[in-house]
Amino acid sequence: MIETKDKLFGIVDLNARFELTKFKPVRAVLKSRWMPLLPILINLFMFVIILLAAFTGGLSAGNYNFGIMIVWILWWVLLMMMLVPGFSRAWCMVCPFPIFSDWAQRTRLFDVKPGKLGGLGLKWPKKLSNMWVMNIAFLVTTFFSGFMTVLPIATFILLGIIIIGAFVIGLIFEKRTFCLYLCPVSGFQGLYSQFATVEVRRKDWEICKNHNPKTCYVGNEKGYGCPWNRTPFDFQKNTYCGMCLECLKTCPYDNMAINLRPPGVDLLVDTKREPRGLDEAWKAFIMLGIAIVFYLAFQGPWGFFKDMVRGVTLPGYLGYIAFHTVFNLLIIPGVFFVFAYLSKRLSGNTEVPLKSVFTNFAYTLIPMGLGVWMGFSVGILLPNGSYILRVLSDPFAWGWNLFGTAQIPWTPVLTGIMGYIQGAILIVFFAFAVGYGWLLAKQIYADVKQAKRGFIPILTFLTLITLVFLWLFVG
Amino acid sequence: MKITKPIVIAITLVLTIAFVALVYFGMTRARGAPVAVPPLQRATLVSHYKTQSLDLTQDVALADWADIPGTAVELVYQAMIPPWSKGLIPAVTAKSFHNDTELYVYVTWKDESENRALGVGEFSDAVALMFPLSNDAPPSTLMMGFMGKQGVNVWHWQATQDTEFWSKKSVSADAYSDFLYPFEEQETLTIAKSPLTSAVSDLLAVKVTTTTAKATQNVQGRGVWDKGAWHVVFKRALKATNAKEDAAFAHGARKLMAFAAWSGDKGDRGGRKSISDWVQLEFR
Amino acid sequence: MMKKKIILIAMAALGAACILIALIGIATPATAESPRERFFEVHAKRFEYAPDTIQVNQGDKVTIRLVSEDVSHGLYVDGYEIKTAAHPGAEGTLTFVADKTGRYTFRCTVTCGEFHPYMVGYLNVEPNSRLWIFALLIVGVALCSAVIVLR
Amino acid sequence: MKIKNEPIAVAMLILGTIVAIIGILGFENYRRSAEYTAELTARATEYGNWYPNTITIPYGKPAKILIRNIDVVSHGFALPDFQIAVMEIKAGESAVIEFTPDKKGVFPFVCTIWCSNRHMEMRGQLVVE
């Protein structure tokens, strides 16, 4: 946990923590090997149904397909609106995809088999041990969003590739390499979980310092060494912690805790081991850009753009891909670069490298991006959420009626006040972005005077981007 | 079992091939059981050039049409807009020719009974031709000419009107109705009519429920019922009198058209009819 | 030093004013221009409406005639919670008084193809007070935070 | 005796995957053959038309036909000779028609909603024998 004297908005104590694991039953549950195995197994069953529905659904209407609806309405929206901002990488905790490679590596599903893990166990190259591969993987995945979110079989193909990829990568590389550096949805979860209100951290450094060997890293008979290759005894950022709960089991001193915390604390962490980086900055740009493009394509009224996204003609589709790529990888970062440059110029500081100003301030886009994605998700969930009730009762469109909700018609909910909800979300997350922007400014520029001046361009950028999204949502 | 390199390669290959095969299988059945879809085959009605012209004031002479090849046009129940047809006329046979100034279309179909009069529960046999007014109209929706704003020109021949016009006989009982009407089971209202100028109503429509009589009636027609079949001849000037209201024809051109037929004794009237798909009319 | 203070005070006042105006804006609905009867013929085809944006003023009596150009489509207006549907050859109509201001999305109600859930258009009921309220709030928050930081 | 968790976990995994898939597909197969006389799939002409294009049901016995619209647009089902119709079956939905055929022969059924440019070709035959 980093010690900071800074207070968010000048009032919120960023060192405040509330330990959830201090309650005995909570700790007992989390230390059981059924946790998270049992939720994973239940989730695995869910995804078997999703895959079956997506496969049998073929090219039929996605809005009546269990696979499409659960993945793109329920899961995606839950991820953006609750799981990531609230519970960090809780999705990774219950994600069923790596269970097969875990099983192959450990040769046990439930028990702990001490000793070396199976599989080839190669190390992932250091140069790629960052978000770049995931940035590209996610961007490429979004090229196909016009198919995946509406064609059941396209969702099947995506999930199939992820499942097989996770398994094969798990056989070749050590531990959760796939989750850490390859999974398309891992990247933004890692990035945005820095904002989460929950964290897994060690409690007392004194205990860890004298504990050898560090069982949280190497494992013992109670559990495996951190599958996510973290050092639970001293990591400070949520980014790459998959919340698999192994360290809670392997720590003989119960020195690992799950804490509630003020949102966004990790944004201020910049250490040698967990530095801020251009990879995460670009992840933030890509997420922001995708939100804009997706809004234009899926919630805007422009038919020609929809035709491009759904690939009516090949030139149109390639045009969309080109625009999408350039917009996300170059234009958004380019615009931000201008403001970062202005920030440096205005601050009068000549020592701080421009790259550092650019990278560090990019972290203000984490709360911003989370906010716009929440707003976007509201626009998907409220009009289309009622489909979920239907597909729960008739998951394969075979005429079933499991829970008596198969006849519920499409019913938009609260769409009249949707604009207010989206506007309110934007303002809240704009405030967080500004709050952390100021704290980051103080980190970047040694001198408070410089920080003040250097902060102004960033504040301007954040205001403008918020106004852009406001215009998109309600304008 | 220790996982070695060859095993990983083998697993990867097997999984990839199995997945690709599964996706391929899924794609072939993505819209249900795969069947070969026959290519679209639109019936073509050829209108040959002839120097002949017909006089409709005389009765329809079947001999005039005997050696012109006919096109069989399949009809189906009109089952899109209620009320739906009650009986089906499965097909009509159409023939056509044109001379320098006139177009002739001949339609024949089997009908066991000749219904030339109207009354309560008694309806007229009829046949209609429909042409889109726009020459480049796409062969999309044919429901009463919903083909963009220009709409369609409909030539509606009715046996009752034929009797009235050619035989100068009154066909109506005191009350009748021949179109969609909310009280159709108790049809008792008389409907005012303008004096007849033809056995064929020359109509305009832009969509369902918009059929409107044109101000100028340009189409003549005459029908004869013979040995269990109707033979109806339509005649119109090749040139359109008013391009906005009349279908335009020209030697060497192509035009979309559609057919509809009514069987009075089965209760057909108004929207209750048998209809065809688009037919290509070709002038040679 | 004096100059800076004056600027800061001015900014704070402006920011506060923005927020205040926004809050007043929420409480009092804008007064409408004289209402008119408005008629729109909206053509629906996969997966767009033409026109895709309908511009009206608060209080207008709006009639939308929905014409489908290919398959069955529908039109549901967010906020007003009314809908109609159209087949090719059979159109739908809906009439309402545009008493709620803001931009509302109208959506297709009949599954018309794979992109059906994304088939939307906008109904703009002027004045779009929602946009201005939130824009003022955002600018106000920005100005106030600038003042807090720079002070 | 200590409960062995490992086999339980493995059993749950197999139950949730392979057994679930086989079970669901098998159950649906049984349900359809037990409940319905015939099954009809609605799709636009371009995508294969009514499938199967000809269905045969026995004369005089109550028939129960499942019609599934697996297309992305609405279709409808009309069997005019028996005055039976389902005006609209929305994409992804299914309808069931029940009737007792009181005449023998071949009867056409058609789609009732303009579903594509080849809508007029979307028809099939019901054979009662």
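We call the chains A, B, C and D, going by the order they appear; numbering starts again at 1 in every chain.
Quick note on the criterion: a contact is a pair of C-beta atoms (placed from the backbone, for glycine too) under 8 Å apart; a residue touches a chain by one contact, two chains touch by 3 or more.
Every value quoted in this text rests on a predicted model; they were computed, and no experiment measured them.
A count of contacting C-beta pairs for C-D and for A-D identifies A-D as the more extensively joined pair.
Averaging Cα coordinates per chain places chain C and chain D 43 Å apart. In terms of their C-alpha centroids, the spacing between chain A and chain D amounts to 41 Å. In terms of their C-alpha centroids, the spacing between chain A and chain C amounts to 31 Å. Each of residues 87-89, 111, 114, 116 in chain C touches at least two other chains.
In chain D, 70-72, 91-92, 113-114 are the positions where the chain touches two or more neighbouring chains simultaneously. Chain A has residues 58-61, 63-64 in contact with two or more other chains. If you draw each protein chain as a dot and join the dots that touch, every dot ends up joined to every other dot.
On the chain A side of its complex with chain C, the touching residues are 10, 59, 61-64, 146, 150-151, 297-304, 306-307, 310, 383-384, 410, 412, 415-420, 423, 426-427, 430-431, 434-435, 438, 452, 455-456, 459-460, 462-463, 466-467, 470-471, 474-475. By the touch criterion stated above, chain A contacts chain B in their complex at residues 55, 58-60, 104, 118-120, 153, 156-157, 160-161, 164, 167-168, 171-172.
Interface residues of chain C, counted against chain A in their complex, comprise 45, 47-50, 52-53, 76, 78-81, 100, 102-105, 107, 109, 111, 114-122, 128, 130-131, 133-135, 137-139, 141-142, 145-146, 148-150. Interface residues of chain B, counted against chain A in their complex, comprise 2-5, 8, 11-12, 15-16, 19, 22-23, 26-27, 29-32. Considering their complex, residues 33-34, 37, 41-42, 44-45, 48-49, 52, 58-61, 63-65, 99, 108-111, 396-399 of chain A touch chain D.
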